[in-house]
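Look at the two complexes coming up: chain A is in both, with chain B in one and chain C in the other.
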Partner chain A sequence: MKYSLLKIIHVTGLTFLEPIVRLCYGEEPALQLKKIGRFIVVPVVAVLVFVGIWNWGGPQLKTKSGEVPTPGVVAEAFRGVFQFFVRENTKEDDYILTGETRQAELVRVEQRLNDLAALKQSADARVAELEIGRDEFLAKTVGPVQKELNDLSEEQTSQEKAMLDAIKQTAAGITEKSSTTDREALIAAMVKYNGLKKVNNEKLKRIQEKLTNISSVKYQPYLDALKQQTNVVEEIIFLEKRKELLTVGNRESKVAQSEADLERLKSEFATATGAQTLGLANRIVKTEERLQTMEKSAYAKPWTLPLQTLRSLACVFTGFVLATMIAVPIGILCGLSSTFMAAVTPFIAMFKPVSPIVWLPIALIIVGGLIPDPDNHWLLHVLEHLPLIGWMKINPAFIASAVTVALCSLWPTLVNTALGVASIDKDHMNVARVLRLGFTRRLVSIVIPSAMPLIFAGMRISLGVGWMVLIAAELLASSEGIGKFVWDMFNNGSSATFAQMFVVVFVVGVIGFLLDRIMIILQRLVSFDGAPAAI
Partner chain B sequence: MLSLSEKRYVEIHNVTKAYPNPRGEDVVVVDGFNLIMPKGEFVSIIGHSGCGKSTVLTMVAGLNSITSGGVVVDGREISEAGPDRAVVFQSPCLLPWMTAFENVLLGVKNVYPHATKQQRADIVSHYLQLVGLGDSMHRYPRELSGGMQQRVGIARALALRPKMLLLDEPFGRLDSLTRMELQDVILEILAEEQITTMLVTHDVDEAIYMSDRIVMMTNGPRARVGEILAIPIPRIRKRDEVLEHPDYYRYRGHLISFLEGRAHSHPGRKRTPEYEDTCHAVASYEDTSHDIPIHFETGIATCDLISSGTHAGNE
Partner chain C sequence: MNAGRIPGMICLLVLMTSTMIASGQDVIDFLDIEKDKLKLGFIKLTDCAPVVIAKEKGFFADEGLQVEVVAQPNWKTLLDNVISGNLDGAHMLSGQPIAATIGYGTKAHIVTAYTMDVNGNGITVSNSVWREMQKSSPELNSPKPVHPISASALQTVVDEKLAFGEKLQMAMVFPTSTHNYQLRYWLAAGGIHPGMYTEADPAGGRVDAMVELSVTPPPMMPATLEAGNIQGYCVGEPWNQQAVAKGIGVPVATNYDVWKNCPEKVFGVSKAWADKNPHTHIAVIKALIRAGRWLDETDSKGNLINRQEAARILSRSNYVGADYDVIRNSMTGYFYFQRTDKREMPDFNVFYKYHSSYPWYSDGIWFLTQMRRWGQISKPMPAKWYDDTVREIYKPDVYLTAAKMLLDEGKIEKEEIPWTSDGYKPVTTDFIDGISYDARDPIGYLNSHIIGNKDP
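Take a look at the complex of A and B:
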């Protein structure tokens, strides 16, 4: 048990867990505790320090999308994103519910709505109550400053007015006979007046800034109450929508409605005469058509982050498989033949540094050229009707993103494969020569197995690069996925969406980490010198 | 009795190996190596490290190109490596991603292209059992000890049914007990199979115990056959019998004195013109005779010209 656990830890590379396992089996507790201190406590402390700095530093930075969200706000946003996903799924299910289950669900929704009505009342009351508190709070904090501002402004206005009046008088006093000194005095007075205005404005501005700062200090109880209220209202809106989807908006009832319409039209048609029949016939045909599409229709669900993440994963996987399929054979040829290597080197050198931002538009245009009419292309039709990936609605933008991922990520695999093949143990090649193995057997029995660890090391780097490139590609190509989500949130520009972009940072990071882990495990499993194939 | 072609089963004729050095000049590592082996003979090549004994063996194996000269095995001049000259390498060189069984099978597939799967499997198990690995056939090399790995290497070589077995310091990395075991394993198999064998070693006792003749090589560069010593102890040999053989210490002393003295009779010293002359003389002598005269009656074979030549170098 202990050793198989340690083996799993070793293969997965989660070595920080090792001291815990050893400690559980009572092996050198002092040493294990020291290791736990170093490899678990220290990282945890570092994370806590980071969260602390973030929590303090975030609000210091004010942007047009509000303050930089604190960890708490981001966690809240994460919950929001997930709730949106769950609610949209519920709506989708509601739309196609039929018969008994639909009624049962409706009853539950209505019950909850009743409960919420009471909740909303108390929430409203609490808000109203706290509004007074907030006003008092504002009066206490903002009031004096506001008064100061008002007083100053009044004082300044009268001061300026007096000065302007004096200047006006002087101006009126100037006649044709007035000397140049008088005229210059007027100009000097004007300069003085302007100077005063500027100084006054400065003073006013400073106090106004003070006022903004003070009024931005929020009255927390009120905000909490407001949030409570918003949550209740959101749930009510959600449930109202559900109610609609379970009743009039439901597919079953919509179909029934259309069927009834059709019945009525048909009976009218049976007794109609002359020109009337033409119009009725037309309406009957239209209704029948509508009925057909309606029977298969689904709730028009918006994209949600979890589904976009899955689509991104599918996209990166497609690109990664494509890259591997290109890179491994070419890499093997490169490793086997230095002539072929010489032929391929210029392409590697030239294309490797090209950024995804350049590949993507090219890929978009080429894919667009290959699939000129996406609505009627056989490939996309086939993909749309496949189980598991049909919902992803694979489109040219998806394919272009995958191609971009492939183009950017195939290089590490190619180079590593070539290196792995070229650095095969010379003794092993001698064995092949003595046994006089043919090309295929040499490839299958010796070349590929011995290059496997390096091939997988390359693939691991490729997958990391691909995942990084993909987000940018999706953002540019507007292909539904994490990149598109970020772009939409950026364009939305509210403080809530700002926090959701932070959520994406963690989603991308965690998934990237997991992909890397999976590749490490695969790499260990194919390494002949490492762990045995079975855990 | 051996037929005429079997008497000259392996002919190594004036084999020379030269590598270009960075300045483009040729460095001659082995210069005119001559040897004729009858079928079934066991010959050891002994010499100091780096003298070129492994180079000779790899050239015979076809793993290393021959600069000039030629090797004929069973009437055919060799041009590339092949399963008729099986090699056991110093490191076992097993493919780590295959079991012992699969490692041996790899060669068997090529040598017996028309055999059925079952027949091939039988061949593989036969040879693995022969080397004493009947129980660990399906284990991976990393699960085997160094000695067991080398046994697999021997089985792999023997399973090819080679005309010639080339052993390139096969016990060099093993402890002395394992080494003795493996020496016996090989001798037992050879007693049955009668394969012409060339062993490269620097272990004097191993060479005496296993060989019919021992080729002593002079030090490189320009290494060549210094002397050939015949060991006329009858087979099948037993280790203690060989050790107690009256001539054993004479053979041993002769080999050691060659290695200590005459092999590097010119360490760091420029070759004198006389020495070069004697070398040429040997070369021309060998050219005409295709063999080196051996004094069988004394049990010690010496090449008179070489010994007198090296003495001349010493003086």
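Take a look at the complex of A and C:
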């Protein structure tokens, strides 16, 4: 038991659990406690210290888009993102609900709407009340500075004007007979005037900045009340939409409506004569067709972060598989033949450093050329009707992103495979020669198994690179995924934007970490001699 | 051929004609939707509202359409997606279908049958430029200066920069955007030359410029202004209100000042798509007309009743996504010029009244004249060309068919649609410089301006 546990820990790379297991079996308690201290307590403390510094330091760094969000605000943003996902899913479910469950849901929605009406009233009242408080607060903080600014600006304007007038007078007084000193005096006056203007502008700018800083301090109770109000109103809008989807907007009722239309048309058709029948027949056929698509229709919901994340994962996986399929065979050939290696080296050296930003437009243009009419392309149709990935709506942008991921991430696998194959033990190769193994047999029984640990080490790096590249590719291709989410949220420029970016940092980080762990496990599983311990 | 068969052929002809008439009537009361799952694109600006509202309020669903509304990163990508078929249609700049059709920039035949809104843009300058303007024009130095503010107040700043060998930098959102033409119009009306597009500089439009204009995507405007790369910009909402909210700039004019009720965005689809899906096109326009009407609905006192809800919907992160209070300002008829200067602007965003959603030929021609005025159209064109071109792009017949169906269904009132118009608005002088615009005489209009190309 103990050893199989330790084996699992070893394979999964979760070595920090090892001391706990050993401690449970009473093995050298002092040593194990020391290890626990180092590998568990220290990281936990480090995380706590980080959160503490973040919590304290965030608000110190002020920007015009608000202060750096604290962990609490980020958690709130995460909740918001998740709520959006849940609500859209609820709407989707509501659209296809039928019979009694639909009625039951409707009753619940209406009840909640009733409760919210009262809540909304109190929230509105609170906002109106605090609006006065806010105006007073602003008058107290911003008012004096604004006045100072206006006064100063007025004073400067008159001062500058007076000086300019004096200069103009001097200039007008200069005649043909005026001496050079007079002329120089004018220049000196001009210099003085310009100097004054510069000083004045500096002064103004300083007060302007002060004003900006002061007016960025918001009246917190009012903001809280607004937020409260927003939450209530948004829930009301959400429930109103649900109500619609549970009644007239529901699939069942729409189908019923269409069926009624069809009945009416058919009865009209039964009594119609002449040319009229033709139009009616056409409408009956079309209505029947529409009825059929309607029966299978679903609520058109927007993309939400959890689904975008899944789509990103699918995209990176596609790119990764593509990269591996290209890199491993070429790598093996490189390892086997130094001539081939010499031929391929210039390409590796040249294409490896090319940035995803360059590959993507090329990939987009090529994929766009291969799939000119995405609506009617057979490949996309096939993909759309596959069970597990149909909902991802694979489109040219997705394919271009995956290709970009492949182009950027195939290099580590290629190089590692070549290295792995080239450094196979000479004895193994000699044995193969002695046994007169054919090329295929040699490949399958000797070359690939020996090179496997290094191939997997390369693939692990490739996956990491691919995951980083993907976000940029999606952002540029506006292919639905985490990258598109980042760009959309940034473009929103709302008060939540900043926190949403932090949410993405953690989502991307955690997934990247998990992908890496998975690759480590695979790598350990294929190594016969215990691959070098990974961090 | 044998004579006995002729009556038979006549019978056949009569039958065919009557079938055609019957199917012609069919279009009016029954839409045979060719495609029921649509993807429509939009840019994060409040004037995408009709598309968003038509989806959220179920107007698309009423037409049997399942519509996905997808944010696009910039105008270029949006147009490319419409052309490539990734999108079925989109919220577009008025100039985009025109420029694409005449082949300025990306070449493709785009048509429009619906004007999404009029007005809705603002011109914002940075705080320091505003201070300079106040110094040179002391009448601006009040908490509520008199509007409209002419670009001549900017003259001193521009001259001072030029004296140092620099040019004031301002941004707009796209070379063929309404913002580009409005900003140029405003500057030129104040005697400041905004630069020409020439063969040597077809994309920049900076030849002879006293103020240089460049392209920045709308959502990036405040950040670019703050970074000091530009000193002013012309953009739609909420990005002017955002500058006020962040305290980084001051809106000095709206496009309502530049031209009262000027067309802003249209709903564009590719010609190929419109030909392939004529009934779907009508269905989409029907839903959009209802959405525009919903947005402009007022109570008996003339207050807009649905705008609060619209602002709530638009503030969701998958739509415009900016904060509700920022979107609310302009959507509910207010506009902050400074923190202390809040004004009522009931017509800042108009989606339906004044027959504004009808695709007016005269609106399209105005954009063509501006393209010629600033050299984007490099050769002089005869007046007839303007009329012919605009008829290729603006499709009032689709609009009227959709409106007729809505009227029959009792969803709109008769006086809300200009049924008998020939597509030309009456001559107007509602411009900041008071120059009269007659769309039937584009050449004369071009020649009535001091700055810009003039044609024989």
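In the analysis below, the second predicted complex is superposed on the first by the 374 of 535 C-alpha atoms of A that agree within 3 Å, B and C clash if a C-alpha of one lies under 4 Å from a C-alpha of the other, contacts with A are read in each partner's own complex, and residues count from 1 in each chain.
Keep this in mind: contacts are C-beta pairs under 8 Å (C-beta built on N, C-alpha and C of every residue); 3 or more make two chains touch, one makes a residue touch a chain.
Since we're looking at a predicted model, the values are computed, not measured.
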Q: May I ask you to decide whether A:V431 touches chain B, chain C, both, or neither, giving the answer as first, second, both or neither?
A: first
Q.
So in the superposed three-chain picture, is A:W303 touching just chain B, just chain C, both, or none of them (first/second/both/neither)?
A. second
Q.
By residue count, which of the two partners contacts chain A more extensively, chain B or chain C?
A. C
Q) When the two structures are overlaid on chain A, which partner does A:F39 contact: first (chain B), second (chain C), both, or neither? A) neither
Q) Taking the superposition as given, does A:A496 touch the first partner, chain B, the second, chain C, both, or neither? A) second
Q: Return first, second, both or neither, reflecting whether A:I446 touches chain B, chain C, both chains, or no partner chain.
A: first
Q) Given the touch rule stated above, what does A:F317 touch, chain B (first), chain C (second), both, or neither? A) neither
Q) Once bound in the complex, which stretches of chain A touch chain B? A) 425, 427-428, 430-431, 433-437, 441, 445-446, 449-450, 452, 528-529, 532
Q.
For the complex, give me every residue of chain B touching chain A.
A. 61-63, 80-83, 85-87, 89, 91, 93, 95-98, 106-107, 109-110, 140, 142, 160
Q) Okay, in this complex, where on chain C does chain A touch? A) 15, 18-19, 22-23, 25-26, 30, 32-33, 36-37, 44, 55-56, 58, 61, 64, 66-69, 71-73, 77, 84-86, 127-128, 131, 134-135, 138, 141, 217, 219, 222, 226, 238-239, 242, 246-248, 309, 312-313, 315-318, 320-326, 339-340
**Q.** Of chain A, residues touching chain C in the complex
**A.** 64-65, 84, 142, 146, 150, 153-154, 156-157, 160, 201, 204-205, 208, 211-212, 215-216, 226, 230, 233-234, 237, 241, 244, 248-249, 254, 275-276, 278-279, 282-283, 286, 290, 293-294, 297-300, 302-303, 368, 372-375, 395-397, 475, 478, 487-496, 500
